[in-house]
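By letter and in written order, the chains are A, B, C and D; residue numbering begins at 1 in each of them.
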Amino acid sequence: MSQVKFLNLKLKNPTVLASGILGLTASSMKRVVEFGGAGAVTTKSFNIEWRKGHKNPSILPFRHGLLNAVGLSNPGIDEMVKEIRLFRRQCDAPIFASVFGRTIDEFAEVTRLTVEAEPDLIEVNISCPNVHSEFGQPFGNSCEDTAKITEIVKKNAGDIPVSIKLGPHGPGVARLARVCEEHGADAITAINTVGPGMLIDIEVRKPILSNKTGGVSGPAILPIAVKSVYEVYKAVNIPIIGTGGVTVPEDAVQMILAGATLIGIGTGVYYQGIDVFKKIEQGVREYLDRHGFKSIEEIRGGAHE
Amino acid sequence: MSDLMQTFPVKRIIEHGPGVKSFYFDRMTDAVAGQFVNVWLPGIDEKPYSVSALGEDWLEISVKAYGVFSGAMMKLKVGDLVGIRGPFGKGFTFRDNALIIGGGIGIAPLRILARELSERNFRFVSLLGAATAHEVIFVDDFRRRSSNCYVTTDDGTLGKKGLVTDDLLEIIKKEKIEFVYAAGPEIMFVKIKELIDPLGIAYEFCLERYMKCGIGICGQCTLDGSGIRLCVEGPVLNQDDLKAVTELGLPHRDASGRRV
Amino acid sequence: MSQVKFLNLKLKNPTVLASGILGLTASSMKRVVEFGGAGAVTTKSFNIEWRKGHKNPSILPFRHGLLNAVGLSNPGIDEMVKEIRLFRRQCDAPIFASVFGRTIDEFAEVTRLTVEAEPDLIEVNISCPNVHSEFGQPFGNSCEDTAKITEIVKKNAGDIPVSIKLGPHGPGVARLARVCEEHGADAITAINTVGPGMLIDIEVRKPILSNKTGGVSGPAILPIAVKSVYEVYKAVNIPIIGTGGVTVPEDAVQMILAGATLIGIGTGVYYQGIDVFKKIEQGVREYLDRHGFKSIEEIRGGAHE
Amino acid sequence: MSDLMQTFPVKRIIEHGPGVKSFYFDRMTDAVAGQFVNVWLPGIDEKPYSVSALGEDWLEISVKAYGVFSGAMMKLKVGDLVGIRGPFGKGFTFRDNALIIGGGIGIAPLRILARELSERNFRFVSLLGAATAHEVIFVDDFRRRSSNCYVTTDDGTLGKKGLVTDDLLEIIKKEKIEFVYAAGPEIMFVKIKELIDPLGIAYEFCLERYMKCGIGICGQCTLDGSGIRLCVEGPVLNQDDLKAVTELGLPHRDASGRRV
């Protein structure tokens, strides 16, 4: 009863490893599926060239979530294509390749090269809030850039479906989602981290993250993620990977009621362990049972009625 | 203590010799042998270091100068503020009739292990090796606590000239060793594994990898083959954990995630 | 040593009651000063006409803060002018009048009328995220509107200094702050609530707030508030009322290190009681003592060095 | 229980008569007499109601139909889900030889008070008034627990025809009353206060105001003069609290904050 259809895919359950979490290697993602219970996995966002990212501290727990400025560190497309292929050989669960570019052309290029690895979905990260200083505002803060990137990625993705990953900022997530749908996106991933934020150590009197600022994830952002998914669901007809602050089954149910088809989980791994996927899948199943629902579809978007 | 960042002043520094120091802080946390803390030098970087000893009211880490970060550690003065969070990871289990093998600064996590074993009245033998005499840190401590303590140095300035693995099999036999602990450079693990796997002796190694988060989410420290996160399921791994690991002794991932 | 100069004012300590919290009546604000220990108070945001606001639930605690959609309920300017005057007669602490308008002209009008009450500062709320549906996007999401409102409010405010209250959204808080400074603002209040967010009750399967969405305040938003203050401090030379997520003295110190002159506290009243101001003032003083500082000025903006 | 919103099914409903009902829920919280919960009817509104009784495993609230919200409450059926958070506020203190004065649905918080007093073996007298017989809810309960129970109704359908305040002074004298509790319409408090302030008898009133947050931050329920928040420092106030209050019996603030 946890089975879920998403585009042309069938997932054992609606949980997906979010991008940036344990998504660097085939072995790591395989463990997230086999031991952790994820229905699908998303790779760390990658680009043509490898990037070192920011120095540590780059990931910082605070009382209500995490602050991170990893700086889109990644081993580059060649390495990632290898890992995606390896994963596909060893594991049944769908794998979503998360890509980013520093220019619109780079989005095209990285998509073209990623297609060779035959991921089940290409997730396009246009909303990372940590890269301002280097790239200016995220592309996802502009409707025009979002339209252009969606179009060009779709053109290069061939048969592979494309999800655009949006943040809660900019001109409004619902408006952006509509732009994505109009330009051919097959799905929306919402949301990326919130903020960014900063924490200052009051003894050394300096920002703690090496990048000074970082995106907020985890429990603190759940309401903003639920609201984003709710608005996107009203705005478009394509499915949504609802992501942000999900750590317990009740959070996932909120996401589904808001309209999510899949549930992205990142920081939940920190709060609940790697088997957070399994725990959430079980909890959602128990919720459906208790209320006499036969499938997740029956409650999807239920908060809109 | 916790995963949250807090800063603490350096209380005391011991210089073992050029480029090897131990740093003392007010004890801000419990820790067991093998666990590590993330050390933040504001403006520089944050890296993992094993807790090398714990007193009633102090915590010790021991550092060897290699590159930028450990180099900066060498410049710390008493009173300087250092960010510390943790402890992270899973430590050693406690076994009787064990051999403790330490290579270079890998001796650090074994110092606290030796203490924990002797507090439990377990018999153990130490086998410590390093490049030169002063890098065999706290050797007296090991000599006092171990039922026997073998030392090797590359340059022969302390103990026998050579590597810890030279006489390993003889020592195991002679000392009736039933379990092996090791910490040190990766090449040492590869060698030890080759030598003792045929004997069927159980062991625990304390590994190192480039780490970012220390809390099991970034994936930077996962091991190929098993997908185990060294910062959570490690850094201490046993012979079973290591079976699935395909990258022992191979190039590790750097900050970008590439193998270099 | 907690005394602080802010524009032409001297405050006993740098804490300020944030707008929307206990700021409806003279008696309530007086208690916040006398029993609570606040250095200054801000009224609830008001407008010419009274507004009922949204139905309940309009203020909802969640695990990491509050979600609120009060809907700018207020008794209208006549009543508020009376309360401000009453407060001024009974209490030494400065009082900041928070005003809003539904049109740019209304901002002028409400300012003109507010001047009669002689508040110590007029805080201009252009960033309330709860009123989208009725007013469209907050004015504070547009640099042009922000410029126009700042200009027109300043023109009508006479000698009374003006602080523009910004949110973390829109074109970037630093850019907006610069626009405000260029158009004559005397201070910046940063930030308003974040999001908005939504929480869904999974048993009745409906959004809980009557307005469905509400702004996030409290501990969850501290990093975003600290970051906003940090950026504003870099961008402008006028003083900042740093607001958002402050509940303990350490949070206030972070704000000061980021560059705040005053510390706005709202949701902290829920977490720490009405004497949160006193507790924070004492804690900040102890921090200064412990580190051998003689005044708050010595550490203001200290995280920038 | 907590400040966070949770929903609970209605377990049982008692209809006392037209427009007056008690609702039962699984006991989701502790509460003391005078404390209230916020009740959310999804899609309608959220309003405060006193806890009127607590059993081993149930919680009761009692509601009189006035307007939109209480009207909607009347339509609740067993099994319907209702949001409840709390308990909020500060309750009554416990005193011996007290008089309990309840007016209309104000009897609700006094029912749990009566139980708490009798559990402590305190002597007390009840004086209950309402428009008509069925609005004197749980009158048998008060009769059983009080050493004496006086009843008035506006229409004379139960007890004496008239108001609770009619014979107040005589009852106080006759029953040797040392403390007064009261809950009911504001005009009743004004009258009681007028009558008993000269006697110097201490008292506690359970007041009502329009509330939004219930957690002391919106300022909607603060009382003029003292700035006291009824949802946190009240709803039970004593003669000292009330001294500074300048608005007793005057128009209250509505949802906008205006006095109407």
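The criterion applied here is as follows: a residue touches a chain if its C-beta (ideal position, glycine included) is under 8 Å from a C-beta of that chain, and two chains touch if they have at least 3 such contacts.
What you see is a predicted model, and the numbers here were worked out from it, not measured in a lab.
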| item | value |
| --- | --- |
| Joint neighbours of chain D and chain C, given as chain labels | none |
| Chain separated most widely from chain A, comparing mean CA positions | D |
| Separation of mean Cα positions, chain C and chain B [Å, integer] | 51 |
| Distance from chain C to chain A - Cα centre to Cα centre, in angstrom | 33 |
| Averaged-CA centre spacing for the pair chain B and chain A, given as whole angstrom | 36 |
| Shared-contact residues (touching 2 or more other chains) in chain A | 62-63, 199, 206 |
| Multi-chain contact residues (two or more partners), chain D | none |
| Category of the chain touch graph - line, ring, star, complete, other | line |
| Contact pairs between chains, per stated definition | A-B, A-C, C-D |
| List of chain B residues in touch with chain A within their complex | 2-5, 7, 38, 40, 42-47, 81, 83, 212-213, 215-220, 222-229, 232, 253-259 |
| Chain A-facing residues of chain C, complex | 62-65, 67, 137, 168-169, 172, 194-200, 202, 205-207, 212-214, 216, 219-224, 226-227, 230, 250, 253-254, 257-258, 287, 299, 302-303, 305 |
| Parts of chain A lying in touch with chain B, wherever the complex brings them together | 20-32, 35, 44, 50-53, 55-63, 66, 70, 73-76, 79, 199, 201, 203-204, 206, 208, 210, 266-267, 269-270, 274 |
